[in-house]
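Two complexes, one shared chain (chain A), two partners (chain B, chain C).
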Partner chain A sequence: MTTTREPNKVLSQIEYDVIGTRPIRPDGADKVTGRAKYSADFTISGAIYGKLVRSPHAHARIISIDTSKAEAHPSVKAVVTGEDLPKTVIGADGDRPKTSGEIAADLKYLRHQIMATEKVVFGNQPVAAVAAATAHDAEEAAKLVEVKYEILPSVTEVRAAMEDDAPVLHDDIEMTEFGEKTGRKGNIADHFQNKIGDPQKGFEQADVIVEREFNTATVHQGYIEPHSCTVHWRDDDRIFIWNSCQGPFNIRDATAEVLGVPLTNVKLTPQEIGGGFGGKFEPYGEPVLALLSKKAGAPVKMWMTRTEDLEATGPSPGSYVRVKMGATKDGKIVAGEAELAFEAGAYPGSVVEAGGECVFAPYDIPNAVVDGYDVVVNKSKMAAYRAPGATNAEFASETVVDELAQKLDIDPIEFRLMNAAKEGTRKVDGTSFPRIGLVEVLEALKDHDHWKSPIEGDNVARGFACAYWMNAGLQSAVNLAVNSDGRVSLTEGSPDIGGSRASISMQAAEILGIPSEDILPSVVDTDSIGFTFGTGGSRTTFATGYAAIEAAKDVKQQMIERAALIWGVAPESVQMDKGNIHAGNGAELKMTFKELAAEMNDTGGAITGRGSVNPSGVGAAFAGLIVDIHADPETGKVQILRATIAQDAGKAIHPSYVEGQLQGGTAQGIGWGLNEEYFMSDEGRMANSSFLDYRMPTALDLPMIDTVIVEVANPGHPFGVRGVGEVNIAPPPAAIANALSRSLGVRMERLPMNPNTVMETMWANNGSSNGS
Partner chain B sequence: MPTKSYVQTNINGESVEFLAEPRQSLLEVLRDTLQLTGAKEGCNDGNCGACTVKMDGRIVCSCLVFGVEAEGADIETIEGMASPEGLHPLQTAFLENAALQCGICTPGFLMASKALLDHNPNPTEGQIRWWLANNLCRCTGYDKIVRAVMDAAQKMQA
Partner chain C sequence: MKWIDYARPQTVAEAVQLLTERGDGARAMAGGTDLIVQLRVGRRQPDHVVDVKHIPDLNEVNTSGGGVTLGAAVPCHIIYNNDAIKDAFPALVDSASIIGGTQIQGRASIGGNLCNAAPSADAIPTLIALGATANVSGSTGERSVAIEDFCTGPGQNVLGADELLTSISIPAQGANSGARYQRFIPRNEMDIAVVGVGASVTLNNGSFESVRVSLASVAPTPLFVTEINDELAGKDVTDENIAKAGEIAKDAAKPISDMRGTADYRRHLCDVMTRRVLSDAITRARGGNVDAH
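For the complex of A and B:
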């Protein structure tokens, strides 16, 4: 195997001292020596071990739970059931406080999901839990809990769940439509619509119209570290949690709400996190372990098996998406129509609204309508997964856009450029874009050697797709403390999943004019830093970085004032530049950052700075992917031969970790496109809940992934940062599908495009092309 | 009747003794009994490679080996890779090439990569990909890992 080695390219505008360099990450040495402590590595004296008792049925009424045999096990210290969770709800309507942000699950449902009462609504749902002296004893004792069920028919697919005669999960779900209650009971929790212009008139203007229906399978984030935690309900009624999660404050708040205790009774100390991708924002075991800990009077530790994690934490929704688009013969897209139905899992609240925002966002379409449906099915409650909703939606729309370009005989990138959204373009949800970098991304790829290189070989073809994701802002806090040797301690509340200690330290260092190695970052517990929303939504380098900039500016101002005090001059006459402090025009009053730091303790004590932000200037993200494939017409197997992804980073703080995000997202998108899928049995259970059968890409499945970092500064961030974590997952399925249409002449309408799907699509077309 | 067996083994060049229940995996013993938590449990069924260690010259998933099977064995774990002189060239290459994001799979990749370079000091890209195909990484897309192994191989030969 040989892969083209395209050097990574950074299109930079402004030169900085620290930003744009590639220092070794501060947590690196611990992570290559095995010393870094992840959640399951945490130990505390006196710990006992928890195990959840889970339902073998996807949908069943709980008739009885008998815990007596488990309680009689000599090693068992505590047993709890859903009845042990409080029933009272904080807040008039049961909604969770605003601090929990995008995680909009109703508290009642969240409690039920964590440990069910009355009925179970997804396979492997917890109904009880035990704690015992060892993990093996807990596993044994969990099997002694006797639960009687009345099995109910289940429904695990979104379209089937929308049918009038489908099994109904909850008798209290009443569909809201356009924000109003309709009285319609069933599995459809919500129907929304966004509209711009006059779609009917738009289609009348179109010379070419393409309409297709797409179905995508449920997939999982596939982080390598399963969920785990240790919880101690202490004698002073504080509840200490040690876990790996994306949002320490999100899980602190949700756990407190589920347990009905004040927020700050809970303290969460985040351990190193082994991947999240959106799947580690919600509590799963934490509230249950708290109950067990209270009963047993000891800390309780638990880690999930991969099967528990796959079937019963938060995967990413399977979906149905119909897209219709029309263009004039000179290549202008004039109308769009989309219908999206997403699985929410067993409780309302899917990411269909985000999908609806993304579906047409890359294009300036004057007339469009988008309908979205949030639908409950007998699967675990869906969670976020890297640009949640974008991949489902843009697989559909990018396939249709590509087909329009084919029918009009226009180069796929050129066609996108002719219709690309720019500053001021209105989206179908009515909002318009600030400065964005889609055109620059498309141009970078159109000019790329990969796009210009010849395509050689039988059944080898090239595909292209681009994608939009909105990114997030939200709250972040950072504290800085200057040490007398001139190094600066940085505390933050953002778990570091992919190098963010580095990217945040670098922003503080740039402001202070010191090397990034002189910033010492720590991710601290929820008692020790201001509210910081979780690491997700591509927000950490943007928002926590912004807080670090504010904290560094605060330190800088105090350093100037301290120098002025020492020199006996007015602070206005003192400047700090690249780590040097000086006053006046002459060179006589001059100190380095380190020299001034050494004077701190004798001139008023340590200098500390603070930054706390909730930035509104979120920079939207765009990415584009060129992919070359070989598709075997005999077996339907698709091999990725070459991939080049370009993304607008706004400004790449640490280019290596930006490239890493682009490459990692591309790999996940390829897995979503080609292999990954929940196989559900007729009884509603996941039939492939292991990494053997839930097939994620290995090193052997992928080529090198070349990256182009485009930098169109985000005006909403001091250094122009846009988040880079997410949008890169969205283009691969459509890019591969578009390549397949050129390789085998068939248009793919189903994910994953595994050999089975490819061959079925070919046979359904009787060997004739349904592509163009 | 005792429920645990006495096991004498060698880990990272040191003689080590422990007691293990028959049902305990080597991974459990390493992590819970010996506090060598560098090997990670990602799947507990031999499909992710996060628990990779070297046992009698072969890389194994320590979740698929019983603790009692370690009797008399020579075991190398991530904790033994660096020396008092510093990091192993592979560890340095992983850091310099940003070949880790969350880092949970990194110990397994390093153990597997070291075994590869012991066996073949100058592997091709394809050979690296083949050798590392039992180790799952969900963050990097493997690009920087493969480059880091190539980089380390080159530096170790120089």
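For the complex of A and C:
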């Protein structure tokens, strides 16, 4: 059978002049020609090179650090240890900065993570650092720092860390339960609970109940560019940072607090970024290089190896998730119960609350309870990763939902439609949804030729899953300046990861009625724009775009006033649309945007506009994924044959970059589902800390991923934008697992579903231990 | 990063002299695709790198007489683009085309793969299956070593400090012969064999005349499973006999559990992959085509 394959569909509700078109991105030519400057490309005269001295142990007491041999190295300019960081006085400055990264962490812990004192709590943790004239000398000198350790037993898995007899990482962690301190010391930092209705009664109404326990491995964002930075602590006490990061202001603020210096002593100039996915919100080397730079009196540059980056920056948590759901025989989900325990890494503050919010969010469930646990383990502090927490949680719940549909013999998409959350549906946390587009996403996939096409071949099967992610709003600022030739300079503080210079410019262009090519966007340093929260939480096109709209409206109003001044008419009589300014009914008072811009300098000077927002109307994101797989029954290996993802974008500003997000998220979700994992040694070290053995999918492991952009306008944004960057990562693991249940008849309760674990699950089902 | 002396000899004699003078502190390098990575992570720390890829003798491919002699520094891309090799030794193409990616194959050599002596080496089981020998030059002369005797442990081989692998000789395989190499990896590229199987068969009408099977990644060195020939020689080519070979391979394997797979899973794969590889080798022996990947 042949079907019409339409790889990328946009189901558009409203058309605009600029929005929804596909102009070439402003940064494109530099990136494809290699001219773009990334963090490690940054050079400054007089720079010396830093290297961190790292712990070979996952958990150990530091007996002593002897830096004398390193200091005696002829090329070494400075050596620092954790003792060089300011002491944290609890109660004075022990609370975390007001504006830092996606995951709050206590300042004391942040300082300890950056350079440990007294003990180390994860493998490859920095304990000292050296700066030398060359990178090779720095590497050699780092080996001369002698650190004596007393090795302590380590724990790297969340459930093991929750046991009463588990090794304890910190003697000052006391479990908070439902917001109250409990006095219980150990590795569990927090226990929260959300509840709606009466779950017990709900399960009594259920005709079918499915309950499963899931375990997922720690994974990494896998951005191509490892962390690197250059820092110069100047003799005027300003600290200049050049790095690639997602949050220039977040890292500026955190670095200032870690160093105990006034906020604006630090200036961060973001370079082009080679991917972040949530992993570039926190400072790692920056405060250390600042200390080295101050001591040496020179700028210090450092880049991490892939091993340092994988083991000792911020991955995404391994987790335990138990989900129980009940439905009536006519297909109504009546009760849900979930328990989530997430690794926080070595310091409290995991994304378990986000996971708890996501776990049942796609469904209208009247009775549900969610318990979450934040647990420290001997791994580096977890950071955000694309819809952080959603993938872990929704792998579990979407598997259980699929099994309920199977048991009730209802089509998986139909079953989800019967229970889908809509405007007004209350979530477990008690809040209710504004207008959302889950139903439209599900219908788009139900109608898709992929879903309708036959499934052919041995061990070939189809799976489906959907997902929710809340998205973020937060603060953004944009400045516009009209030039006398009619082009408009746009300055913003959002590092451009996925084409946001284009999508932000396009929103300003739409308001001004000019081509997007006439907007010249720049991502500027932290001295040159108002506070802008980092690029993450799917917020940039939404919030920084919103600020651009506000700035453009500001410009537009001033253009109208300037025309009124020139024409000697009342501003109220002047209109501006599609870039043309005119007054009254007659044709005589008319100017183009360019003509008016040419008059500016003689009529009062340049017109500048400003936009600064903290929008609350964040539009929730939903995505659904269909995958066809082939699973080899003899080896357990899964091959993805076809994948189609649909997502509600609200309004796709630049559809190509929305499609890129959908495809990229799906690719990462497939990697998470199939092969990616932190493989920890018995000693608590990451054994596979390279991209050879940390197996992300290659081009040969993925099909071309088809996309459907659904547009259900977000009422909280002038153009209806919903963030699109994240939710797409969450469906693949469950969709693949659901396909596996139909291909090989196994229900996978572990991530990754690599060939080895698939075979082990099959053997366990057959009652044999090794397939013999 | 420590200082390393580098030499680029133009003849085998010159290379042998350098290796002899420097002793254990020297290491021969052809493509460098293993050695440079090992230097970076400190796994090998030679004082002296002897770059042998510019020695003309080590870059020769001689396919006269039905066999092939591969210079030790001949890179993979030369091998899988050589029509005579493609025709007579498709199993060698199987191996050469999956060692690293395309760029790596521009440098990486079969000789280097052999000397590096990784338990997971993709070329060695093929060479063992094909009955190849390693030709070695040293300060006291030349010798030949059967490939199955070449590796002595992970990263260890029989070469003395003064010795250099100069070439590998693969004998003509004769009529009704076919060979195959396949590895199992979780991804489809850029990976290390969880299990690799090289096999060659010579058929006599409907029965096995001889069978050579070698396994990668299931023992400290590539494993030559001679018991399979003992069982299958003279027997009919049947699914049952192929299954027996799988069972023997599984029993012969001595794998460890690590990040690439558990011991149980690897033993299981020895069975699966031996059956699949033998079937492909039989297809080739009968004149059929099996694609390299």
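Definition applied: the second predicted complex is superposed on the first by the 752 of 772 C-alpha atoms of A that agree within 3 Å, B and C clash if a C-alpha of one lies under 4 Å from a C-alpha of the other, contacts with A are read in each partner's own complex, and residues count from 1 in each chain.
By definition in this document, a residue touches a chain if its C-beta (ideal position, glycine included) is under 8 Å from a C-beta of that chain, and two chains touch if they have at least 3 such contacts.
Computed from a predicted model, the values in this text were never measured in an experiment.
By the touch criterion defined above, A:Gly664 lies against chain B but remains apart from chain C after alignment on the C-alpha atoms of chain A. Of the two partner chains placed by superposition, only chain B is touched by A:Ile273; chain C is not. When the two complexes are overlaid on their common chain A, residue A:Met759 makes contact with chain C while staying clear of chain B. Using the contact criterion defined above for the overlaid structures, shared-chain residue A:Leu692 touches chain B and also reaches chain C. After overlaying the two complexes on the shared chain, residue contacts for A:Ala36 are found with chain B alone; chain C is out of touch. In the superposition on chain A, A:Leu674 makes contact with chain C only, while chain B stays out of contact range.
By the touch criterion stated above, A:Glu510 is placed in contact with neither chain B nor chain C. In the superposed model, A:Glu225 lies in contact with chain B only, and not with chain C.
Touch criterion met: A:Leu700 reaches chain B and chain C at once.
Residues 136, 692, 697-698, 700 of chain A are contacted both by chain B in one complex and by chain C in the other. Of all residues in chain B, those touching chain A in their complex are 21, 23-24, 31, 35-45, 47-48, 50, 77-79, 81-82, 87, 91, 94-98, 100-107, 110, 124-126, 128-130, 132-147. Across the complex, chain B is touched by residues 1-3, 22, 24-25, 27-29, 31-38, 40-41, 43, 136, 221-226, 272-277, 303, 305-306, 497-499, 654, 656-657, 659-660, 663-668, 690-692, 696-700, 702, 704-705 of chain A. Residue ranges on chain C touching chain A, taken from their complex, read 1-2, 184, 186-192, 194, 250, 258-262, 264-265, 267-269, 272.
Across the complex, chain A meets chain C through its residues 136, 139-140, 634-635, 637, 639, 674-675, 679, 687-688, 692-693, 695, 697-698, 700-701, 754-756, 759-760, 769-772.
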